[in-house]
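Next come two complexes built around chain A: one with chain B, the other with chain C.
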Partner chain A sequence: MSNRSLLKGIVVAGGVAAMSATAGMAQDVSFEGQRVEAIVPFGEGGGGDTYTRFIVRHLAPHLAGEPTIVVRNIPGGGSVNGANWFGQNAERDGTHIAVASTSTTLTYAMTPDDDRIAFNASDWVAFLASPQGRVVYVNSSTGITSLEELAGYEGDLFMGIQSPTGSDLPSLLSLALLDAPITPVFGTSGGDQHLAFERGEFGINADVASAYIQMAQPLVDRGVAVPLFAFGYADENGNIQRDPNFPDLPSFVEAYEIVHGETPSGPGFEAWKSMFFMGVMASKAMVLPDGVSEDVVVAYGAATEAMLEDPEFQAEAAAFIGNYPQLTGDAARESLRQATTISDEARQWVADWLMESYNIEL
Partner chain B sequence: MDAILGAIVPALLELLTPTHLAMLGLGVVFGLVIGVLPGLGGIAGLSLILPFTFDLDPSLALAMMVGMLAPLHTADTFPAILMGIPGTSSAQATVVDGFPLARKGEAARALSAAFSASLIGGLFGALVLSVAIFGAQSVILAMGFGELMMLTVFALSMVGMLTGSSALKGVATCGIGVLIGTIGGAPATGEFRLTLGTVYLSDGIYLVIMGLGLFALPEIIELLRRRSTISDTGKLGSGWLQGLRDTIKYRWLVLRCSALGCIIGALPGLGGSVADWITYGHVVQSSKDKSQFGKGDIRGVIAPEAANNAITGGAMIPTLLFGIPGSGSMAILLGGFIMIGIQPGPSMVSTNADITFLIIWSLALANVVGAAACFMIARPVSHLTVVPYGLIGPAMIVVIFFGAFQATRGWADFFALLAVGLLGIYMKRFGWPRPALLIGFVLSNGLESSFYRVAQVYGWSFLERPIVLVIVALTLLSIAAAWRSRAKVAFHGDAAVGPPLHLRLPQIGFTLLIAAFVVMVIVEGLQTSYLGRIFPLTAGLITMGLVAWVLFNQLRPRMTLDLTDQEATSPDTVHGNAYFLTWLFGFLGAVALIGFPIAATIFIFVLSSVQTTVSKWISAAVAFGVFTLLLTLSYFLVLDYPNGLIEEFLDLPWWLG
Partner chain C sequence: MDIWSNIGDGFSTALSVTNLSYCLLGVFLGTFFGALPGIGSLAAVTMLLPITYYLEPTTALVMLAGVYYGAEYGGSISSILLNLPGTPSNAVTCLDGYPMTQQGRSGVALFATTIASFWGGTFGIVMLYTLSPMIAQWALAFGPAEYFAIMVFGLVAAATVTQDAPAKGLAMVVVGMSLGTVGADLTTGVARYDFGNFELHDGVSFIALAMGLFGVSEIILSISQKIDKPFIQAVTLRSMIPTRDEVRRSPMPMLRGAGIGAFFGALPGTGPSIATFIGYALEKRLSPHADQFGKGAIEGIMSPESANNAAVQAAFIPTMTLGIPGSATMAVMMGALLIHGIQPGPQLMSENPEIFWGLAASFWIGNVLLLILNIPLIGLWVRLLKVPYGILYPAVICFICIGVYTVRTSAFDVGLVLFFGFAGYVLRLLRFELAPLLIGFILGPMVEANFKRAMLIYRGDFMTLLERPISGSLLTLTGLLLLWSVWVIIRNRRERRQLLVGGADD
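And then the complex of A and B:
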């Protein structure tokens, strides 16, 4: 815990330093007449793309010199292709930014030995991190109404998972730690997961908050779905609290206590915490490449702060980023750092668990 | 319900205001341009106009977005029929009969039949959308994993109609398509199969590259070799009225195919790129005289064109009702909806019914405007078929390289296009049907993942579901029809003796190469986990058996339908394939030196100067035109073309490479 309080100190001090620096230095950098490219390592139309287009549209008018920011999609390899491009080719003068989302941080942290990876996400400088909660819910046809009933459920409980090593991994791990007897059906994309859940073929599903509100909340209102828990939200001390958007749902830590009667600990929970940062706290982040000058970081920091205060941004924000407090400055960097690091012991634990449970190699 | 129906007329009146019409018209113009350019489809089009829609009133933005989507599959017919290049992935089947019609000098007839069928398909799609959206929810929810898997199998059975003269080769080709489709991440385990350690192949080969490589590149090279015009007769033909009459004559076919397109579009899982092939299979199946299919049968144009415009209406249904996009372009449309503050869901048929009707009216109107515009520009555009091909071909090569580049926007796309193109050229030469390969490829992934899902969730009990049984029956009928209609050719006398062995060696070599690929899939499959290998291994062993059978037939001294070598029968060309392939490699070498736009310009000028006798100034003008087009697209699509080495010495602007 001493690490955490130290961390808090750094965050606060950094924040103050950044703010005082903002006033004096932001004038030094100007992007006037320049064209800034935002790299999206996915094709058009996905979550990462929509998020980036929303952010850059509101960010551009607040950046010194009001540059044009254009989105460049570089899809392929589950974001590895675009992230590699950004790692190798990005200009270090602030004219290249990128979005880092769960698939990027997860691939980077969980498979460090994959020689396809030629980028260093932990050195990227995040200037905005947008948390996005996750909610787990069951089909009311299963009869499950509580976490205890979930852990003691007898019968088939199918759950659609896109890829065992992709962005659904945090949900899969959470349910394993809660002893939920689920049978994952791999290779099922998000849209198919929802339809199959609504048809009753799948008994359980997990959603990021925005998708939950759009697609699962109507089912909950109709009595088709029952929410069980949300992952939660980390406070400044790194403690997991209830998700501010779902104050009635227990956090994962509470859920663990309900099921096991004790607070979670051990390498499994360490792995969960890393994935919590990958999947929730730094679900999406806007980043500058490593080695970018401090002036540029300050300019982007100031623009981001101004954007978050902009009433026009606030009016539209709910649909894109939910009502979560946005992390900026050092808090954003720290969040990305957490999302890109996992201890060797925890990683090994995940690898062993995947191999043992599903015969799948990480 | 009264309140909902009451929204129909006000929605139309709203659309008919000048500002709405202007936005719709703008969208249609965008859609026509995007549809004509290969490689660019709904996804690129929508992402181009999204930035403009932010500051618009939501209903104006809707009119523009839907206006862009509606005429895409009308406009993509131009390159499909005139050039043999599918303008979008949904126009692949149109190429099969549309391009031969243009070669026969009947481009005008084919275009007019295609546009009128497209128009009816589009209107039908809008009509179905307006009725079906109120009852579609329960239908979509009735289609479970078992039903969706059987639908995929049903689609696969259409291959029986796409086999060309040799049924054995057709089914073997389909198997190879399935195997090519297994390249990339395994759906059940995420393991990488046959990626050769590259990032590029981990997503598999992109559909746009398969379409351009298999169909466009071989046709372009063949035409360049002939040194003639696209139209063999050098004439356009005066078939405008004939085309319209064709559509009227086959009106029931048009309606059937529109309905099919609509249903396929609405069902999640199959995807629009299958609809044109399924309807193509259907028209061959339901026609008595099948002899002209693949050689220029107008019905082969009408069927897929009626279907691919109806898809858009069908695909809107799950997008609007569930917020679940059925295709890539619907995904980005959904993003657009959210950006302008529309939340899809059941409210679209209750409180937000006015928006739904605005979408439907926009779809209908945009189809009419789009088809009318295509009719108007069709006559001048189809003159391209009587221009010496040496002038057009080099520019078309650049255009399809540009199209392939849209897959991941990297060098690897060029190499993938060349590799698939090479496969296409030799498949064409040795009579392996390319449509069969494509349908296997398109369905491979869906088949594999739906197979796992059914096995896990249902086991054999999926056969107890009534809709599954109906689809099983349809599939059996489809296979029986294919069996009965297969060409019964017997060789007698001298014809019963095949060409001597040394003349067969090229095609035997190609079959051996295919066998080697299948062996590679099997060997690689053995190294993955159980769930990762069961599908490629099963498909691989079946395909191996079929390929071995083909090889056996080719080795025997007797003449069989499995023996085809176009080179042996039509050697009347100046240069061989290898000559033009050398040009392509040279082009890529030039790109590596001086970047894509400049290399493309020089390539067009030099190759068309060598290939034609027209004035150098005309070649230069064509080259400059393509150069301008490339730079314009680069600017608006934020494309960074591959840099050449020259970049190391000169600081060129980003849009120049």
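And then the complex of A and C:
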């Protein structure tokens, strides 16, 4: 069974194999009897943890030799602890993999000079990238029904933000670029954001797609919340289209045009695009460490392709990763590359904006 | 939603093979640790917390809760047989339990406390069932101002009501809150008080603090106190049969104890210890046999044990519905929920109903299991008390260190747990209560976050906190509580002075 799935995998993974001349050697890689550790730089039960546990459960039977994959949580430092561990100690033979999520890529890209960071996320080899859309919605008690009204709103518009430099930053930046006059309430965790929104204390909120469907959609149906826009979804050419899960909502680019009457450009938009990749297109990715041999990459690519085709995986996928196309091979690597790089100019723009608006140092 | 169908769902969750096995394991280990003199439910729950990391959240909570109330059951065993309270809330049970042992009637005492515990636990669970949905609904109206006020109230109550020395209690709360400020600032992400230590960037490890203060220091204390073990008599099933007179005198104290326990257990910051003392005092006042109290009166063990276990179950009400831990042990339980990614609070019942109802059902199943563990298997626990501590305690220290290390794979935390162990030992020698410290540590950051949020929303107007009805009355109550404790401090000082003066006269 393992041989057959491997052969099938090699055929499917043509795209991945093409970049390597040693692809034929992939047959030699087998993890039989081995233990693969999947590093999760967060505690048990969070988004990154549930995602990883779901993926490895379905990935293990498709990997050559059917190894046991165990999840190891190394929380702390906003994912820096675990990422450092992975960067420094991971075996380069495919027995160590990790999850890279928005917090990790954002910290890595935005604070390159932080001496606590001892990992190189841009060199990691992503074999799966899972996009996750984001939706921004307002409380109907604010009276806001459109993007124009949001930009021209006069009054208090509170918004719960976990941390100014954490995974809510892409949402905060989007609203700043749309001239939304919001007052962020920093230090509000996700659960509290929803509670305060429901009580009417917070007028506006942003959710990743899965949380939106679970927590905010019922409010929209009851007329308590009004969705304004979704971030969007990048096509193969990197152009930002409407989110396939929310085809009725304008993308951020459309929203910008509605508010400003012109297409977005400049360092602010460059920064937004980087954050779009961090927050949406590579919201979560499974990676191998840098310097890993090509045949290991091929083996993982093949297993991932096979997993995505597996009906058992597909049956459960909606609940964990939503109905987004999953990126593998080159596309996954490109997505992670985009999520881990930001131009110096754009980064400086974000730092200045955070300092100017909220007196916060990046 | 129909409450009966919820209860039904809860039982089907709790009766799954996994949950049932972990419930049994939990109550077994709880009784084990509870029966050991000195190691209380708090230490037991903290020490076993790391074991639950790899379990499903519901299963983990079922087991930890089992440890908690199991320890409260087991605590009465050493109170009765050795005159050493297994947990602080079993201290009152010594007063009449040990005299019964001296009269050769330990079997009756053990049987009676088990029945009282079971009844108290059951009553507490019924309160949990009926009150929680109501409070959860009402709690949706709780904004940051209300959360701030109720937590300040809880902190002051924890420091003053249950303590002999309110000033020391308040000092401990402040130390706890100060420790809670270490780590990244909520608003700006800037590291506070980490002294350049990367390990402290996420704050002081809760597990290291709790295990150090309550596990390690407990053991140091036990080693340093030489305990002369009295002869432990064998307990047979036959010796458990109470006299007809005792049977007649038992139900009312048990009922009253349960009511007192459920009330004080549900108040944030008070907990089981105070409930047992009040239950005992009330029975002594009401009983026609007041002269027998302290000499083996059955009422003297029925009421406190019933109150104790009712309080333990009722303490889950504020934790699960408001996200405010009622006692230090509940703070650990809440930490366990958070570790598993579950935010306790009004949304818990709607978002994770299987956890709430499953847990509530497991409480009752756990209580039934405890009935079985404590009556036919009582001989086992009696024998446990004969294991030499020289073997037991080093093993426990090992488990603590392994447990702390695995949480964050951090050797720094192992150092921290030992540091807090010694700090806790010194504080205990100075007669400081450590529970308020832990409550301060847990609630401190929540107080800060809610205060900041309230100030942002109300544009920095402090008066809003007093103008809103719920937060205003809670803060007024807090103020009165503080005044009362100042009065107690002054009165105690005056009494001590008079005692000293009186002593000089002799």
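General observations
Please note the rule applied: the second predicted complex is superposed on the first by the 337 of 362 C-alpha atoms of A that agree within 3 Å, B and C clash if a C-alpha of one lies under 4 Å from a C-alpha of the other, contacts with A are read in each partner's own complex, and residues count from 1 in each chain.
In this section, contacts are C-beta pairs under 8 Å (C-beta built on N, C-alpha and C of every residue); 3 or more make two chains touch, one makes a residue touch a chain.
All figures in this text were calculated on a predicted structure; none of them were measured in a lab.
In the three-chain model built by superposing on chain A, chain B clashes with chain C. When the shared chain is aligned, chain B comes close enough to touch A:57, but chain C does not. Look at A:43: by the touch rule set out above, it reaches both chain B and chain C. By the document's definition of touching, of the two partners only chain B reaches A:320; chain C does not.
In the superposed model, A:109 makes contact with neither chain B nor chain C. For chain A, the partner that touches more of its residues is B, with chain B and chain C as the two candidates.
Once the two complexes are overlaid on the shared chain, A:282 sits clear of chain B and of chain C alike.
In the superposition on chain A, A:201 makes contact with both chain B and chain C.
Among 441-449, 549-557 or 603-611, the region of chain B with C-alpha atoms clashing against chain C is 441-449. Comparing which residues of chain A touch chain B with which touch chain C, the overlap comprises 43-46, 49-50, 74-78, 81, 116, 156, 158, 163-166, 183, 185-188, 191-192, 194-196, 198-199, 201, 360-361. Chain B meets chain A in the complex at residues 43-44, 46-47, 50-51, 54, 140-142, 144-145, 185-191, 197-200, 202-203, 268-269, 322-325, 328-329, 331-335, 338-339, 341, 343-346, 408-410, 448-449, 452-453, 456-457, 529-531, 638, 640.
Chain C meets chain A in the complex at residues 53-54, 57, 140-141, 143-144, 184, 186-190, 198, 201-202, 339-343, 345-347, 408-410, 449, 452-453, 456-457.
Those residues of chain A whose C-beta lies close enough to touch chain C in the complex are 43-46, 49-50, 74-78, 81, 85, 116, 156, 158, 163-166, 183, 185-189, 191-192, 194-196, 198-199, 201, 360-361.
Interface residues of chain A, counted against chain B in their complex, comprise 37, 43-46, 49-50, 53-54, 57, 70-78, 80-81, 84, 115-116, 156, 158, 163-166, 183, 185-188, 191-192, 194-196, 198-199, 201-202, 214-215, 218, 319-320, 359-361.
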